[in-house]
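Lettered A, B, C and D in written order, each chain numbered from 1.
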Amino acid sequence: MRHRLLIAWAVLCALTLGYLWLDHSADGHGGLRASTVVTTAAIVIALVKVRIIFREFMEVRHAPVLLCRLTDASIAIMAVSLLGSYFAGVALG
Amino acid sequence: MSARWRDNPKRELWFAWWTTVVFYQIFGLVFFVITRTQPPPSPGWDAARIVQWFNDNHTGLLVGFAIMFLITGMVAPANALIAYSMRRMSVSPAFGYAYLVMYALSAVPGMLLLCIALSVGAMRPDRTPELIAWIYDFAFLTYIGTMGVFLLGSLVWMAAILLDKNRVFPKWFGYLNLCNALTEVVVSPAWLFHRGVFAWNGLIAWWIDMVVFVTYTAVFIVQLRRLIQREDFETGPLPDLAGATG
Amino acid sequence: MTGTETRREQRHRFVPGQPDMWAFVLFETLLFTSYFAVYLFNRARNEELYLQSQAHLELWVGVLNTIVLLTSSWSIARCVQAARAGGYRAALGNAFLTAGLGAVFLVCKVVEWVRQFRMGNTLTTNDFFMHYFFLTGLHCLHLLIGFVVLGMIVYQLRSPARRSQTLVETCATYWHTVDFLWVLIFAMLYVVR
Amino acid sequence: MRRTDGELILWWTLPVLLIIWLAAFLMFPGFRPPMAPAMPADDVAAFYRDNTSRVQYSMILFNWFGAGLLPMLMLIAMQIRRMAHSTPILRYCVISCAAGGPTLFLVGNLFWLIAAFRPERAPELTQLLNDLAWIAFTAGVPFLIAQSVFLALAIFLDDQPQAVFGRWVAYVNLAVAAALAPASFAALAHDGPLAWNGLLSFWVKNIAIFGWIIIMGVVLGQTIRRQRAQERVAA
């Protein structure tokens, strides 16, 4: 089971390094540009990482169903409010 | 009826609890409705707009803060009850006394300076606009920018709850105290900004903090009620002199 | 405590540490979500300014910071597992590793702030740096509290008389919270376009 | 061990304090007669120019002894401790109020001293400082009202054959609280009884405070003496 933590850590680090690639590919189109795709991807990847931390590091995997539901609900709330406020800002911009 | 109330061994606790509840109702009424000082007006206004704000709220400010001058002493039973809750815990009495004195002190910079300044501002509308603007800044910055006593007070209460072995309060309420303490840190940029989300009327420094504060206050009022309900004094006659609580 | 311990032996589902700690985790998550929402909304309405200011940050420093903190989270998770299995020496070692990585993160953060100050960027420079210093500063405060929490883990693990697995797990949960809040802040400040 | 050791010394500070307060009160030219809120700014500035040193000396005296009532309030708290209550709540209430009154008084005191420091400044500024001082001094009654009410309540709830304080002390305290109440409305009026120089906000309020100190001082002195006599018999 000790390897499971190591794998979780490796996945989290890989996702973090993925940001470098994401940023690089955004720059590829030349200069500083706002990008909805990058923003959405960054938020979604961050939430995936948070869920991995919840389940693996914080041992929600072994926790009662209620706590699993609560943490998933909080991630869903984060997803909705972060993407919602971003797109609301874009729409009202 | 009154005789029954007097014989209730929890009479002092219920007195303090009800005073707390009534105080927060009046406080909300005065600040949100009568004086319109909450939600706060903008720190970005020019002197002319500030003078207009004083004129618009002239009577409300004077009457509202007169009420506050009359009843602010009602915070004492709230502090006393919270200090008492710490005396029931398995921690040193120092926690209770520290909280009691800290919150007794907090009312002056945290609220009464605003009451004095805005009363003075409203009582002479013919002052030069620069002076009125100074009064306005003085009032709102002291009121919103007084953070440390509430910050440390919440931390004292938190530490007492987390160390307590008598289970006077649930541990999650201890952690909620930490959340409340952190919002006092979030207020601090209000000293730096005239506009935006961190100004004294800003979305983060005021609105979100207000939600936390209202949640926290509602929770601790309910928790104090539970504490009183659980309190198991003997139902017989009051303890005699020797048994009186030290 | 022993009741909890035996239940764990039976591989029942359990909440790590005090369930009460999760009230803090979820409440803080909601609070930070609201700060992020305000940031993203304002950012989307004024993207040019935010993009220009964001270019002053070094992405690789952020990545390094994140990996340091993720590693610290991993080692505190190992600490909890070791303590549960009775390997208190290993647990203590992992706790110290966590504190060391936390200190590395702190130093990185301070260096980064100093670099921004040198470039003339402070809390009051513009809206982006206002959010940047607020979020990183508030997170740093959580980190500093985290050192106190790690101190409690060490205090628990050192003496056989004190060893409370519940308390160790509660403290670890706090440290993971510091970690995942940074994961979010990193995405918000460094990556979002 | 006698817990009452030193209480009489604290009690004897009271007459001394009263004399100093009375002297400072009479020395401050703004109290004889109390300055009118309707005074024009130029007159206020002229007042501080003409009376600079008397304002300063009287207010320095008040600054020294403004918090002088605290030992007496703590003696009262010690007596509440002896009452037959089931919780220390009312004692905590009185302690929690004790520092508020002097703090508000000192806020007013500081503004008076600042006003007198540079009387040649623009008259509007001096008037503003004067207003702040008078409102803080006059309307700064919330904790005095509250501590009288809490003390009265503590006496009413003291169910024992030999009560610590007589019932009448509670009624006196309620009367004092009622007498202080109108002063909180001082900012509403520029003249008349509610104004800060008016019958209710100045005379009734300040006489009530002096009266309260004298009455509570006497009652407290008797109670402490009785308590010491009892302890001597017990020992």
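Here is the rule we use: a residue touches a chain if its C-beta (ideal position, glycine included) is under 8 Å from a C-beta of that chain, and two chains touch if they have at least 3 such contacts.
Given the structure is predicted, the values throughout are model-derived calculations rather than measurements.
J.: According to the touch definition, list the chains common to the neighbour sets of chain B and chain D.
T.: Under the touch definition, chain B and chain D have no mutual neighbours whatsoever.
J.: Tally the contacting C-beta pairs at the B-C interface and at the A-C interface, and name the larger one.
T.: A-C
J.: Mean of the CA atoms for each chain, then the mean for all of them together: which chain is nearest?
T.: Central chain is B.
J.: Could you tell me the distance, in whole angstrom, between the mean C-alpha positions of chain C and chain D?
T.: 51
J.: Could you give the separation in Å between the centres of chain B and chain C, each centre being the mean of its C-alpha atoms?
T.: The answer is 31 Å.
J.: Quick check: how many Å separate the C-alpha centres of chain A and chain C?
T.: It comes to 15 Å between the two C-alpha centres.
J.: In angstrom, rounded to a whole number, how far apart do the mean CA points of chain A and chain D lie?
T.: 61
J.: Two or more other chains in contact with one residue: find those residues in chain C.
T.: 19, 34, 38, 42, in rising order.
J.: Using the touch definition from the top, which residues of chain B touch two or more other chains?
T.: There are none in chain B.
J.: Determine the shape of the graph in which chains are vertices and touching pairs are edges (line, ring, star, complete, other).
T.: Per interface graph, the chains form a line.
J.: Could you run through all the chain pairs that touch each other?
T.: Between chains, contact exists in these pairs: A-C, B-C, B-D.
J.: Residues of chain A touching chain C in their complex?
T.: 1-2, 5-6, 8-9, 12-13, 16-17, 19-20, 22-23, 26, 32-35, 38-39, 42-43, 45-46, 49-50, 53-54, 56-59, 62-65, 67, 70-71, 74, 77-78, 81-82, 84-90, 92-93
J.: Contact residues on chain D for chain B in the complex?
T.: Its residues touching chain B are 37, 81-90, 92-100, 103-104, 107, 124-125, 127-128, 131-132, 135-136, 139-143, 145-147, 149-150, 153, 157, 159-160, 181, 183-188, 190.
J.: Please name which positions on chain C make contact with chain B in the complex.
T.: 18-21, 23-24, 27-28, 31, 34-35, 38, 42, 123-124, 127, 130, 134, 138, 141-142, 145
J.: In the complex formed with chain A, which residues of chain C make contact?
T.: 13-16, 19, 22, 26, 29-30, 33-34, 36-38, 40-48, 51-52, 55, 59-60, 63, 66-67, 70-71, 73-74, 76-78, 80-81, 169, 172-173, 176, 179-180, 183-184, 186-188, 190-193
J.: What residues on chain B touch chain C, complex-wise?
T.: 170-172, 174-176, 178-179, 182-183, 185-186, 189, 192-193, 196-198, 203-204, 208, 212
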